[in-house]
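What follows is a pair of complexes built around chain A, which joins chain B in one and chain C in the other.
On to the complex of A and B.
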């Protein structure tokens, strides 16, 4: 089928890259936005625009909050499908375990818990069944945030980059996983098919024909950030490996895994099961103080990042307190575990083994919860470089073929170009439109978050229809005016978002940068302004006269490297 | 009428994705059970295998497209997957008894 290694690798690069490129574009772009997901949350929920808070007092703030926590209707519905018989009334369900999680960037705190149910699972292997509840708490007041206030950064953009919000049968995770594998393959094959790898570091000829300059840009963004792209695609697979992509311990090796859990519980002294004897809980604040004292003693004073209590209200209940990883790569660690009824230390986690250190370093470097703003911005640029690399890949694909397709009266290039417009500019429009809608919809609108999601999808769908309608010139080997139209719209939408933020909250840039500095909102506004400028500039450049057909043909003939595996 | 080349390409894509996945699955299962047999902690073994698994998958994925014989590709991917899964299951049974 293929005559040479370069041919076969070129085929993988071109075709697998094209098909999964549409997914990769979403992963890279929303992944880049996820670096500042908490900051986007602040922009979208003005009530939470205050400084990040440490983990609040459990005894005074969190305990009453957990007493109010109810099973979440979404998880009620999901669990009802997995069990035999009807679930009991959610008001009567007993809370069995709770958690609270925060980072150095969170003014608000995420909490949640598991409620016990008497039902048997439909699938016997589906044990440990609980109904989950979760909420976001303002730690300064102990009030719960309305679930209608969608955290656009951490609940919409962030999950978009790893599951596309396609949660049915985890389909989104699998599509993104395949895309990550193809990204790795595209990087390796990209290196194989390009002979002059080193010189491509320094080659960018924007004044040349669009095919040549987009190839340069494709190579430069791919090669300069190659370790970055490889690292993110690889760790994406590692992060979800044991739960999603290779769930061996839930399936084939479940018996071995369950036996290990029992042995582990015996070894660590952390009870695996309830005793059945009820017991009171000692002061958790005292346990937190003791944990902090022990961390300081080890010369690593720190804040609590994660707090977990299992077997609530039982004699076997224990409290696990983990240190926030703001000052290093691993997310949380140095767990200290207490017996809940007495407050005595059961176990102090020993230092990590080599394998888990490597794993925590890799996943921590992907999830970046550490405190290093410069590095965060480098992540954003890396993500945008990936986006440019993929977007120019689409342009290359179309530019190389559209003359040929026009001669053969084929719609191939047009379809690809319309899809490229949808996934590049259409996606940005959907994200921006969501932010604009967030500022326009009334704060107390019932189901506000759902409205914002619907608007996001609607704009993306409209962007596709617009691209499909406007891209007919591509089938005649001409430029697609949809790129320019949508660039203009991006420019206008991002400008509108900044102005609307000012009008609806009074937080204009002079205030958020100078007089009452609040970088989370200022950063989002400044990024929106930069987006607006770039989009208007792109729209203006795209107005330039279309290159003649003759020139395109010569460029194609000259460009043997590109055509080698066509 | 689907062309011969299209069928060949589909065969390669299916082998690369599903065959490669099955082989990776079998290798991970075998790796974990073998390491547990040698006295390594279950989660350590699992984590260790996830760090290796996707690099192996990547290699298999590309090899499927580069290989001259698809028969050999399928024999190694499917046969390897079945063999390694079988041994892993046997190791698990012996570990639990």
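On to the complex of A and C.
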């Protein structure tokens, strides 16, 4: 055992940080990119490069779109495994509920619905069986977007940061949850082991030895953004606590949950079940107008963020309209519910309770759908600070041990260094390679999105092989040249992405910044250029140790030869 | 526009305050000025730094809804601290600008 608390905490910080640091690196980096996921979507799907739109007319635009909506083949396959007997023909399935969701940054609209099925579940507890359908709609024309066009920001980078795209048994969610928990422990232990938390708050000495300077950078990026790191790790756990990590209401307390659902339906007047009597739907646009009028009356005028209709075509059908939370931290709120057949107001959501407000604030601050561009950039800064903190943690681990490992002929430092290169620069290369592939692959290529995903994983795997192949100097207590190689590649890929965007769409920076301003694409291009510059600068800096190392090696060889002659 | 002005004010005061707080440490003071600082001077800098942070919080609160302002302010503090740390590591003498002689005699 250890002699002091600080040493024990140091052990926890080092080893837990190392093991789950690789996952945390992914969470922080892709989390930072997710702040601008919609903007990355615009970059990746040039057809959607137009101004964000408010929720379109339901009666004129959305109703015909929902009539065309079909069950999604992916969910058909997933549901088929949960039920007894074959599923009915998707063309005959009836929509039971629909939703539409938009934010102040979305030119296109996400819609979806649940289709009822007559099958019985294999697991009796699995009592909410539906097949889901979803689509992305251009609200200006009512056309749906091709499902082959992968939204790289919101459908790839964003889920990567919370489920690693490991969806089997929700494995990715559990790994990320464990990493978030370890992050909290790492923050507490980090504060305990930091000897000069305040006096070195502003200290970074890049001119000192790499061990000292990387420790400075590790400390400073961890400490200055400590509230950010803490709240993001904590709220990540809060967001998934009730439905993934501790789903008590679906397991141990299921009967209580079902009873509560019924009682709440009685209390709120929003019917829990269908009546079985068919009914027509009144104008939803009129309900939207009424909702907006009521919000304005409360001195909080706003746009619709979320629209939901349950029990479609039934007497008990109701329409719920929620205000977009663009001007506050909460996502959506101030719901107003209407009887679908008459358009009369059933219920106006009362002010939130304290507990509900805290929950909304915590989830809202993490999911950040608000319209505050400065805060969005500050979040990117926080995410990058987290990434630097973890990356420098890897460097520290290797630098502290590589001489000792070299003496003992151990490969420990070499393995960690190769994995660090893969997770730091390799991951950035994979993301950039995906963007480059997006611009190079033909727009009408069948399964274009799947190709892009395959390219992403392939580049990442190649980055690992490259890092492992180039890491042999680490086993001799030297520097791994893979860091420099991959930095150079990052510089080139970033530049290539900007140039390819210009060539394939005509949207160069002069156009998107000055003549026909479109900040979503300009922002991504400018960030890519900045990445390129930083990567080339880093590669140039990393050249120095390699050159010095070669000089030392030559000198050593010369000495050896001289000694041999002697 | 007014909101943007208040946010810029919050950012500038956060930066200034973090600069003063950094200079209130003898080690950083010596990176910036050739002469040593007296204890009262360092104390004055620390007090000014904390007061500036409060002003920055007020500017954030004027600019935004309180729930948003608290996030903006906390993140501004992080950005300001990092900026000051980078200035100290690359061009420490730049911080002389934020310490006029009437504020600190040895500046």
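One rule holds for everything that comes next: the second predicted complex is superposed on the first by the 543 of 566 C-alpha atoms of A that agree within 3 Å, B and C clash if a C-alpha of one lies under 4 Å from a C-alpha of the other, contacts with A are read in each partner's own complex, and residues count from 1 in each chain.
Just so it is clear, a contact is a pair of C-beta atoms (placed from the backbone, for glycine too) under 8 Å apart; a residue touches a chain by one contact, two chains touch by 3 or more.
In this text, all values refer to a predicted model and were calculated from it rather than measured experimentally.
Colleague: Using the superposition on chain A, tell me whether chain B and chain C clash or fit.
Modeller: They fit: once the shared chain is superposed, the two partners occupy separate space.
Colleague: Centred on chain A, what angle do chain B and chain C make, from Cα centres, as a multiple of 10°?
Modeller: Vertex chain A, arms to chain B and chain C: 90 degrees.
Colleague: In the superposed arrangement, which partner chain does A:533 touch: chain B (first), chain C (second), both, or neither?
Modeller: neither
Colleague: Once the structures are superposed on A, label A:225 by its partner contacts, choosing first (chain B), second (chain C), both or neither.
Modeller: In the superposition, A:225 touches chain C alone.
Colleague: Now for A:74: first (chain B), second (chain C), both, or neither, which partner does it touch?
Modeller: Once the two structures are laid over each other on A, A:74 reaches no partner at all.
Colleague: Could you let me know whether more residues of chain A are touched by chain B or by chain C?
Modeller: B
Colleague: Please work out whether A:375 is in contact with chain B alone, chain C alone, both, or neither, and reply first, second, both or neither.
Modeller: second
Colleague: Quick one: is A:241 in contact with chain B, with chain C, with both, or with neither? Answer first, second, both or neither.
Modeller: So A:241 only meets chain B here.
Colleague: Identify the partner contact of A:361: answer first if only chain B is touched, second if only chain C is, both if each is, neither if none is.
Modeller: After superposition on chain A, A:361 lies in contact with chain C alone.
Colleague: Tell me, in angstrom, the smallest C-alpha to C-alpha distance between chain B and chain C in the overlaid model?
Modeller: For chain B and chain C in the superposition, the minimum C-alpha gap reads 17 Å.
Colleague: Kindly list the residues of chain A that each of chain B and chain C touches, one partner per complex.
Modeller: none
Colleague: Which residues of chain A touch chain B once you look at their complex with the stated criterion?
Modeller: 1-2, 5, 8-9, 11-12, 16, 178, 181, 184-185, 188-189, 234, 237-238, 241-242, 246, 248-249, 252-253, 255-257, 259-260, 353, 355-356, 358-359, 362
Colleague: Any idea which chain B residues touch chain A in the complex?
Modeller: Residues 5, 8-9, 12-13, 17, 24-25, 28-29, 32-33, 36, 41-44, 46-51, 53-55, 57-58, 61-62, 65-66, 85, 88-89, 92, 95-96.
Colleague: Would you tell me which residues of chain A are touching chain C in their complex?
Modeller: So the residues of chain A in touch with chain C come to 199, 201-206, 220-221, 224-225, 227-228, 327-330, 361, 365, 370, 372, 374-375, 378-379, 381-382, 385.
Colleague: Would you tell me which residues of chain C are touching chain A in their complex?
Modeller: Residues 7, 18, 21-22, 25, 27-28, 64-65, 67-68, 71-72, 74-79, 81-82, 84-86, 88-90 of chain C touch chain A in their complex.
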